[in-house]
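Naming follows writing order (A, B, C and D), and every chain is counted from residue 1.
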Amino acid sequence: MSTSAGDAMRRIGNAITPHEPQSTDQIWEIVQLARHQDRPYPLDYIPRLLSDFEELRGDRLYRDDPAIVAGIGRYHDMPVVVIGQQKGRDTQERTYRNFGMSGPEGYRKAMRVMALAEKIGAPVITLIDTPGAFPGADAEQRGQGGAIATSIRTMLRLSVPTVAIVVGEGSSGGAIALGVADRVMMLQNSTYSVISPEGGSAILWRDAAKSQLAAAAFQPTAANCYRWGVVDSVIPEPDGGAHRDHDAAAELLDRYLLRALTELREIPGSERRRQRHVRFRRIGSYRELALADTSAVVSGQTKGPP
Amino acid sequence: MRRNFRVCTSCGHHFKVSGKERLDQLANFESWNELWPELRAADPLQFTDLEPYTKRVEKAEAKGLTEALVAGDLSVGRQPCVAAAMDFGFLGGSMGSVVGEKLLRACDRAAERRVPLIVISASGGARMQEGVLALMQMSKTVVGFEALHEAAVPVISVLAHPTTGGVWASFAALGDVTYAEPGALVSFSGPRVIEQTTREKLAPDFGLAETQLRNGQVDDVVDRRELNERLERVMRILSRESSPEPPLAMQWAQQGASRAQRAARAVPRMSRRIRERLRRGEGPQ
Amino acid sequence: MSTSAGDAMRRIGNAITPHEPQSTDQIWEIVQLARHQDRPYPLDYIPRLLSDFEELRGDRLYRDDPAIVAGIGRYHDMPVVVIGQQKGRDTQERTYRNFGMSGPEGYRKAMRVMALAEKIGAPVITLIDTPGAFPGADAEQRGQGGAIATSIRTMLRLSVPTVAIVVGEGSSGGAIALGVADRVMMLQNSTYSVISPEGGSAILWRDAAKSQLAAAAFQPTAANCYRWGVVDSVIPEPDGGAHRDHDAAAELLDRYLLRALTELREIPGSERRRQRHVRFRRIGSYRELALADTSAVVSGQTKGPP
Amino acid sequence: MRRNFRVCTSCGHHFKVSGKERLDQLANFESWNELWPELRAADPLQFTDLEPYTKRVEKAEAKGLTEALVAGDLSVGRQPCVAAAMDFGFLGGSMGSVVGEKLLRACDRAAERRVPLIVISASGGARMQEGVLALMQMSKTVVGFEALHEAAVPVISVLAHPTTGGVWASFAALGDVTYAEPGALVSFSGPRVIEQTTREKLAPDFGLAETQLRNGQVDDVVDRRELNERLERVMRILSRESSPEPPLAMQWAQQGASRAQRAARAVPRMSRRIRERLRRGEGPQ
C-alpha cells in the first residue's frame, strides 16, 4: 500500500521521521549496520525474549536446514512459535548456516512449525535476516521456488496471530517467504529489498562493485519501507545500532512485539486472516490511465489504503 | 509462424510469444477483450540504473505493449475463462506493481465469474526498478490465488521460457495444474548466479521444463500446439456438474436394465439374491 | 470393526457369502488371481470409468513417482480425483513403475492431488494394488514412514467423499496409506493384508518359500476382510477373474463406486468426516478382562460396531 | 542401572526398557496408575506360524507384561500428562488391536483432560499374527492423534530402539514434537529387507536416530537421562496460559516505568514524542 508522503506523515508515533534525509552514504551506512557481524541474530533475541525455548528441527521430508532456526517458546506466558533466519557469527557457524541462505528445506521446516502453531493456537513470530534464498542447483531440484511460494501461502492461511520482524537484511524471495504476517516491522537499521545491493548491481549495472549505487537506488531502509506501506512499524535501536547493546535491542523489540500481539489477539482468527489478505492486496504503486484515452495520466498518485 | 503458434515447424523450438499474441492463441485467434490496459507502471522509487525506469517503460510501451502481463476474458474451445499472459518483451516480463494488481484483479474476476483462471508466465522475476514494492507483488499475487482457493475456482499455471525468480517463487508455482513448455527454464535463481555462487558448472539440462517434470515440479511438458486442447480438457473436467444431483439417479435408472443384465451374465458366481436384485435393476447392495 | 460371523451374516445383499470355504488352495488361488499379470490395473479402469482423464505428476518436492498414478477425471458428470497404484504389465513398465512399490514421493503426490480434490470439492477415489511401499535406503532417508503416516492423516482430514478400492494386492503400509476412505471395498479376488505372503513367510517362518502357508494364515481374502469389518463391500468380478474381461470388471466396479458416491454425497462434509473417523476407530479385535480379576476372560467376543 | 535409566554409565549405550519401567522413568519413579490393563490380545485369525499366537501371548503375559503398550496417568516433573510406552519385550513391541485400542483411548483421555500425550515407541511394526486387523491399527492410531489435533492438545513422540514398520509409518511419525533416543533404529522397512530387495549394502549409520535427525525426520536426539527435563520443558512451553489475557496488560503496566526509562535511555535518537510516551509508560505507538 504505497502511500504518499503526507499519508505517512499523518501516522503518528512512529519512531522514525518519514523524511529522514537518506543520502547514498546514509543508506550505505544502514546497509552496513544491517549486516554488522555483531548485530543480534535470532538466536541472540530468542533467549532475551522467551522464558523457555525448544528448537524444532527438520522438514520431515529431506533434511534439517540450519539456515533457519525454528522452535517453540514461552513469551510473556504465551506459547509462541518463533522462526528466524540465522546467518552465523563466525566463519564456522556461517558455513554451517550457509550464511542464512535457506534451501527449500528451511521454508518447509518453517511451514511444519507453523502447522504446530495453528494446532495449538500459538502466535507465529518470524525474524527475517537473509541475503536471499540459496542459489544452488540442488535447491532448485528440490523446488526452491515452490517452497517459497507455499511458505507465503501458508502464512496467508494461518488463523493465529502473526508478526514478522526484519531484524537485519531482508533480501529477495527468501525474505518475503517469512514476511507475510498480520504485522510487519523493521528494526531501525535493517533493510528490506527485492535483492541485495550486490545482486542488484551485478544485474542492473552489470558490475558487482556498484553495490553502493544499487543500495541508494533500492532505498531499502526502514523509513522508506514504512513510507511505502510495506511495514507497519519501525522498531528503534539502541544508539549506534543494535550491535552495541543486544539487551536493549531485545527490549525494544519486545515492547513492539508484545504490543502487536496484544492487539492482534483481540481480533477473531478469521477476521485477522481477512485483514492480513487485505493488507497484502493493497501493496503496490501504479498509475491508472483514463479508460477512453489511454495516453492521459489521470492519477499520478500511487494506490494505497485510505 | 503465427498460425503455428510460433513453434518452429522443423525442430519444434518454442519461440517467445508476446502477451497479446498468447491470448490470441488461447482464444484460437478469435477476438477477446483486454482487461485493465489502463494500469501502467509508476516510478515510486524514482529509479535509475543504466537508464531511468520511466525511460525503459516508455520504450516498452512504444512497442505497443501495455505491461508485462496482459489479461483478458476469452474461451479456450468451449470453456470460458479469465486468462493472463506475461510478456517477456516488456522489461523481461518482470513483475512490478502493475503485474501484481492486474493478476489480482484477474483472480477476483475469475472467482466472481466462477470460471477458471489460466496464467502463462514468462518472466525474469520481480521488477527490480520497483524495489521492495516489486517483492511485495509475490505475496499480493498469492493472495489472489487464495481468493480462487476460497471460491473453489481452478487455476492452471503454464510456464513458458523463462519462468524464474519471484514469479516462479510465488503464484506460478501454485497452479492447481501446472504445465511447462518444452525447453522452458523454470528456476528461482538464474543459472549464472548459481554458477557464480556455488562455483559448479550446471548440467546442460539444468532447470529445464523436462528436468522439472522429473523433479516433480510440474504436471507435464506440453507442446504449445497442443496446449489449448489440454487446457480445454482440464477445464472441462474441473467444471461444475451440469446438473448437480439428478444425473446419477437418472443414469442409474436408465442403465438399470441393460447394464444389470450384462453384469449378471458376467458374474455367474454371485449369490442368487444379488443376481436377482441386479436383474431387477436395483443395484447390488 | 471386527464382527462376529453372525453379525456379518446379517448384512444382506453382499455378493460374497461370508462363509465361503477357504482352504489353503483356495486362498492361494485368490492370491494368484489378485496378482495375475492380465488383471486390470488402475490405468485399465480409468479409461473405462472416466469420460476424461488428465494425469497429474510430481509431488512438488522431489520427483514424480510412477508407482502411483494420479489425476483428475470426469466420472458420471462429476469431477473426481483418482489415485491408483500401478504395477506395470510388462517387464519394462514394471521396472519403470517399480512394481507398484511407491517411495515417499508417490504418497506425497497423492496428498497434493487430494488437496486439489478438497479445493474443488471433488470426490477422491483410490485404487489399491501394491506389494507394499518400496524398501529402499533412499526412500527411508526421505521419510517413507512419515509419508505413509501423513497420507493416512490427510485422508482422515478430507471433507470430500472418499472411496478406496483394493483392486489387486493390498499389502502393508503401502496399501493403508491410500485406504482410509469413507467406503472401503475389495474386488472379489483381491487381497488385503498386513504383509505380502512372501514377506510374512520370510519373517514368521524364516523361509520365503512358505508363502502359501503364510497366505493361508493371513487369510487376506475379500470374504474375510468383509467379515472382520475391514471393508464395506465386496465387488464381484467376471467369471474366472477380472483379467478375463476388463470391460465387465470395470462395469461392476463402476456400479458399486457410483452407488457409494451417490450415498456419500448426501452427507454433509463434516459429518462424513466424523463418520470416517468413527469407522476407523472401531476396527480391531481384543478381549477385555474383568477389572477386579484380570485373569478371567469376561468377553471373548471381539469389539466392533453395533 | 534402573536409577541410571538403563543407560550404560561407561559408554552411554541405551538398553531396552520395558513399558512399565518407561512410565516409572517418566514419573521419576513416583507411583502412577496403569490404564486399561484389562485389554488383552484376542486371536481373530486363529493364527499359527511356528507357534500359535495365543501361545506367544501367554508366554509374554507370563513375564508379567500386559501388552506391547502400557498407558498411564502421570506427571513428568510438574507437568501432568497421559503417557504410553511400547514394550519391545511383548512380541517385539508389535502393534495389534490392543495397542491400537489402548493408544486411541489414551488419545481420547488426553484430549478430554486437556493434558499432553507422550508416546514412547519401540516396535518391530504391525503385529502380523493379527493380519489385516493389525494393519488397520495404523489408521486407528492416527484417528486418535487427530482427536488430539482437534482438541489442540500437544503430543510428543519419542522413538526408542527400534521404531520401525507400521508404527513409524503411522502415529510415531506424527508427533508435534519428535525425539529419538541415541542409536535408535528409525525406519519403515527393516535393514535386512532393504538389503535383500535392493542388493545394496547399507551404510553403518543407516536409519539411526542421528541419521534421521540429519534427514529432517526428528527434532532432536535426546539422551534418556535428559528426556524428562526436555519433555517437561516442551509441555511447560505448550501449556495454556496461566491466565489468558490479563498478564499482558498487567505486565505492560508494571514494566512501564522501569522498562520505558531503560528503553528511552537506549534510544536517544527517537523522536521526542515517542520518548515522552515511553517515559509516561504508554508504549511506543
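Here, contacts are C-beta pairs under 8 Å (C-beta built on N, C-alpha and C of every residue); 3 or more make two chains touch, one makes a residue touch a chain.
Owing to the predicted nature of the structure, the values given are computational and were not obtained by experimental measurement.
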Discussion item. Between chain B and chain D, how many steps is the shortest route if every step has to go to a touching chain?
Written reply: 2
Worksheet item: So what's the Cα centroid distance for chain A and chain C, whole Å?
Response: 46
Discussion item. Roughly how far is chain A from chain B, centre to centre by C-alpha average, rounded to an integer in Å?
Written reply: 29
Fill in: Where chain A and chain D are represented by their mean Cα positions, the distance between them in whole Å
34
Worksheet entry | Overlap residues in chain D, where contacts from two or more other chains coincide | 173, 215-217
Worksheet item: At which residue positions does chain C touch at least two other chains?
Response: 60-62, 142-143, 146, 150
Discussion item. Graph shape for the chains shown, where an edge means the two chains touch. Line, ring, star, complete, or other?
Written reply: other
Worksheet, complete the sentence: Full set of chain pairs in contact is A-B, A-C, A-D, B-C, C-D
Discussion item. Taking the touch rule as given, give the residues of chain D at its contact with chain A in the complex, in rising order.
Written reply: 149, 152, 154, 173, 176-177, 213-220, 230, 233-234, 236-239, 241-243, 245, 247-249, 251-252, 259, 262-263, 266-271, 273-274, 277, 283-285
Worksheet entry | chain C residues touching chain A - in the complex, by the definition given at the top | 60-62, 104, 108, 142-143, 146, 150
Response to the item:
Touching chain B in the complex, chain C uses residues 12-17, 52-65, 72-74, 76-79, 105, 109, 116, 119-122, 233, 236-239, 245, 248, 251-252, 255-256, 258-259, 261-262, 265
Worksheet item: What residues of chain B sit close enough to touch chain A in their complex?
Response: 37-42, 44-45, 47-50, 96-98, 100-101, 104, 126-140, 142-143, 145-147, 165-166, 168-174, 186-190, 193-194, 197-198, 200, 202-203, 206-207, 211, 215-217
Worksheet item: For the complex, which residues does chain A have touching chain B?
Response: 2, 133-137, 139-146, 148-150, 152-153, 156-157, 172-173, 175-177, 179-180, 192-195, 199-200, 203-206, 214, 217-220, 224-225, 228, 230, 277, 280-281, 283-291, 294, 297, 300, 302-303
